[in-house]
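Naming follows writing order (A, B, C and D), and every chain is counted from residue 1.
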Amino acid sequence: MSTHIPSSRITWIARGAASALFAFALLNTPALAQQKKISFLTWNIADQEELFKEWIAEFKKIRPDVDVEWLDKKGPEFPAYYQTQVIAGTPPDIINTQGGLWLEYAAAGGMVDLTPYMAKEAEVRKRFNADYLANWTYEGKNYMLPFYISKTLLFYNKTMFKEAGLAGPPQSFEQMMDYAGKMSKGDKTGMLTLNFDWLYWPFFKMNGVELLSPDLKKATFNTPKAVQTLEALAKATADGGINKISWTGRWVEPNGAFAAGNVGMLHAHSPAFFFIRGQAPWLNAETFGVAHVPGGWATPNSHGLGISKGSKHPDIAWEFLKMVTSEKWTAKFSERRKVLTGNIASDTTTLEKMRKDDPLAASVLQTQLEQTDKLTGNWRLAQDSRVKNAFYPEIQNAVLGRKTASEALKEAETKVNRALAR
Amino acid sequence: MQNAPAAAMPAVAGLAHATARPRHGGGLKRRRELILIWVFLLPSLVVFFLYRILPLLWNVMLSFQDFSLFGKTGWIGIQHYRDMLEDEVFWTSLWNTLLYIASAPVGIVLALAIALMVNAEVRGRNVYRTIVFLSYPLMTVAVGIIWRWMYDEKVGLFNYVLRTLGIIDTPLPFLQSFEWALPSILLANVWQILGFYMIILLAGLQNIPQNLYEAASIDGASATQQLFRITLPLLRPSIFLAFVIGVMTSFTSFDLVYVMTQGGPAHSSELLVTYIYKNAFELSKVDYAAALTVVQFLLLVALTWAGNRISGGEAGAVKTE
Amino acid sequence: MTTTWLRLIGHRFVLIPFCLALTAAAWNGYVSLHDGGLVRGVVLGPGGAAVAGATVSMMEKNFTTNSDRGSTRTRADGSFEFTNNRSHNILLRAEVAGVGRSEQITVRLYFRSQNVTLDAPLTIKLDPPRNG
Amino acid sequence: MTANPHRPRRAAARRKHHWSLHVGLLAVSFFMLVPFYWVLKTSLTGENIFVYPPKLLPNDPHPFYYVDVWYLIPFARYLANSAIVSALAITANVVFNAMAAYALTKHFRGRGLIITLLLSCMMIPFQTTIVPAYLITGKLGLLNSYLGMALPTFSTIVCIFVYKASFDAVPKSLIDAARIDGLSELQVIMKIMIPLSASAVATNVILSFIWSWNNFMWPLIIVRDPNMQTLPLGLSRFLTYHENTTGALYAFCVMVLLPGILLFLMAQREFIRGLTSGATKG
């Protein structure tokens, strides 16, 4: 092969190599410094453009010397965009992340620790619901402020409950599975859950299963109780008590299915309510109820606001954060998007107002402020996404019937421990 | 660094032998022609160099590094390539990718049949062409969403039809089953890409000199004979191209899989490209993703080279004189 | 020479975009003449008689929330008119304080602040009598 | 060789295939259209597609989701941007690909390498080149620019080969004859190659348009300025998870699709084998 290579080819290879070096040199030169301007990158909330424009206008009054740029990317592209910007040396100063993504960045040292700022200005810390604020602490440092908050709860279809002769929401895991079975016949399913970002974890937690040891060093979930739980879930799935979409669907399918009115219970977080109501003409106080899952456990899936380490003006960014998390602005935000923001004062007023003009929505959001001491599935874990990626496929294997529960959990245990070791 | 060009060699050698026939004589004229050739090639080469080759080399270098988005990055040799060997998800996705490729010929045969039909003089062939083509320009996201629904176990169209026709009594969980997730995606992919194949093949059919058929039919050759003696042989370049496109989509059709299954359940519909994306942007293992990219690329070069050889070199070009 | 020009102009890649441009221009012309933001309608009582002095309130429909865009009162003949509609998707509700209110109706328009006269009247339904 | 000899064959073809052809094509059309029907239906009713049994017919369809789309995103602005980017891409593709393809029809050293290179290059998935491509575009100072958005699609290998196949099919005799008449290389291309490759040109136009028109990830990465966004980027507005935008989402997809269809309809005449090519070839 390497005998007689036409000269043209050699020159090509040479050129390739040379230009590669050249390119590498290019790529490693630092990016140009930007003028006094901060940008904030939100996660799939393009519908609030008006509000963000008002933020920017207001901030211009406070800091006339600073321009603010707003960017929005939806979930799947958000990391791609942000990471590209980071490598290019121009990360958006403020980022809004959902679920556990922030951990990836914080643990890798990509985010500014906000604890000192809050130490300086204690009133800022006091604004927020402490339980929610605590979600964004990694190794004792607080990396994000609440933007808007939510955790899982149980929506249920009262009509279907009546048909099945069920009084109220289930009080135990067994009852939950039992109800699911009772309500599933024909095209009707008993129950659905969202599965991304550990949202399904309360099922295990309510059975006393712990994913990891307290020091987060090793997996502790492979217990007889866990096997039982998983077997129950698998059985319910096989019998149609739980709709299979629970384990494969993301957002539209489960919520759409529940909105269609032939699913008894939906385990999801509060934003689902508005999506469902948009598609469910049948929905009202008589036909629709909300409750905590047995044991009151819930997985938070809140949105936080943090500052990139690469930011040229972290202090200005902090000022901006202070402004937008103030009572005035969180109240506006809550009202327009019907979310809670973790700002105690504005959340109270919002809920009071909402109880008058939209009691049903109020009852949903109310649950988000109850039992906030029982948050689970939010381990402050550097390898969160890798653990998730090691664990969840095995759960799928079990609930969709490719492996027995014990096999799956055993396999998961080794994989999770491997992920933790890295 | 030397990796990519070096790896491209076997392919090159194969092609070079099949193609390069240096002509002698006509020195000046020849030189002018050569200059013209390179000038003509230049724009395309520049684009490819900037947006394909440099990024590839970037990946090659990254694949030997221990890359951290924020911290220090150092060289760690072939560690990532070693990891790959134990990474069963990698092997699954590799296997799935090959299955994906294997499905390409199915689509091509279908498209070929359609192309021949709509190239014949049927009334309303423009309408038919448009209908077949319709699905290609549709945004993949939309394709994914709608097919997801059609496959749904409870409310999907397929199950609805099958059940009302009484063919099955228990609905099939297409995308929720480990066996059917990938085939289901493949079908959706064929549906979307059929129009693309058709265009390529139609363009190819236009290159076949009419008079060959005329001569043949005067000699009393049947339609089938004409098909196998004239059409297919002369269509080879386009068929080869269609195949290459099929391979390409199997390595790049990210959106469809991502919208329909995110590679699940339990990686049973994971492709190399989705796995690469996950590693790069969800598991923040950019370096490992780079290594995967390199491997995928080498695989491709091999495949293309093979396909090229099968189709007779010269990217299937056929002389008509 | 001229013939080639004609051919060029007659060519579908020129002709079709040109026609499209024309249509667009025409449509925009029409829009600019009819986007005064007028919303006209009538409020009738349960008996079908015109209701004077009823409060008609208009809301802009967004996906999750409806923002209030002010209200007006009906004239003697029960008719009302908004002149400040800037949306393409609004909600209307008529109310007579203490007496009753109408259904909330959605009005969807073909373009922003299109002038529109409701073909169906807003009919007041009496409140259920409160005791005490 | 004139048109007459076509007749018997055509007649024969008609007699033989007519009905079988229509049956086959109708079957195919049905398979192709079913999903479309649902896209359209949903865009007109916005109904929840997770209802069972599925409603086969739309109940009270209305066009207002299309109006919503128009106002929910600065549609006109995005449309203009997309049009500009696609125009750039089409022009570049039609010209550059033709040049490259013509060069590749000739024999020269390194040709094999270039062919393999181009073939393999087109298979590097874009997702894996995002970061370097961004950095390079930044070095070229083309971030946030139309050119920057279009540049990566300026030359596409598929289209080069479409040209090449069509150029290769042009009989050498014809070219030599032209040379004897004293035509220069360029004249040969303009007067003989291109006219005989109408379908190749059409393919280039259609495909390069669709690719740049639907390009999502690349504009998303390199465009920061909201006034430079292209149509597909509007998509995210209809996928915000808080609100139910089903109807608008599908309406949006249809609106993005239409220009592609229109272009195809205009260009597809080139896919009907003209008598001229039949006559001149051979």
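In this text, a contact is a pair of C-beta atoms (placed from the backbone, for glycine too) under 8 Å apart; a residue touches a chain by one contact, two chains touch by 3 or more.
Predicted model only: the values in this text are computed from it and were never measured.
> Applying the touch definition from the top, give me the chains sitting in contact with each of chain A and chain C.
A chain counts here if it touches both chain A and chain C, which gives D.
> Looking at B-D and A-D, which one has the bigger number of contacting C-beta pairs?
B-D
> Cα centroid separation between chain B and chain C, in whole Å?
About 50 Å, centre to centre.
> Between chain B and chain D, tell me the centre distance in angstrom, where each centre is the average of that chain's C-alpha atoms.
Each chain's C-alpha centroid was found; their separation is 16 Å.
> How many Å are there between the centre of chain A and the centre of chain B, using C-alpha atoms for each centre?
Spacing between the chain centres: roughly 35 Å.
> Mind pulling the residue numbers of chain C that touch at least two other chains?
Residues 63-64 of chain C each touch two or more of the other chains.
> Could you list the positions in chain A whose residues touch two or more of the other chains?
6, 9, 12, 23, 27, 47, 80, 83, 87, 187, 253, 257, 260, 262, 274, 278, 337
> Taking each residue of chain D in turn, which ones touch at least two of the other chains?
Residues 49-53, 109-110, 113, 127, 131-132, 136, 242-244 of chain D touch two or more partner chains.
> Please name which positions on chain B make contact with chain D in the complex.
The contact residues of chain B facing chain D are 8, 11-12, 14-23, 33-34, 36-38, 40-41, 43-45, 47-48, 50-56, 58-59, 113-114, 117-122, 126, 128-143, 145-147, 149-150, 152, 154-155, 157, 160, 164, 191, 194, 196, 199-200, 202-214, 217-218, 223, 234, 237-238, 241, 244-245, 247-248, 251-252, 254-255, 273, 276-277, 280, 286, 289-290, 293, 296-297, 300-301, 304-305, 308, 314-321.
> Where on chain D does chain C make contact in their complex?
62-64, 67-68, 71, 242-245, 262, 266, 269
> List the residues on chain D that touch chain A in their complex, please.
Residue positions touching the partner: 48-53, 109-110, 113, 127, 130-132, 134-136, 138-139, 217, 220-221, 224, 236-237, 239-244, 246.
> In their complex, what parts of chain C are in touch with chain D?
So the residues of chain C touching chain D come out as 12-13, 16, 63-64, 88-89, 108-112.
> Which chain A residues qualify as touching chain B in the complex?
1-2, 5-6, 9, 12-13, 16-17, 19-20, 23-24, 27, 76, 79-80, 83, 86-87, 104-105, 108-110, 187, 189, 243-245, 247-248, 250, 252-253, 257, 260, 262, 309-310, 385-386, 389, 393-394, 396-397, 400, 402
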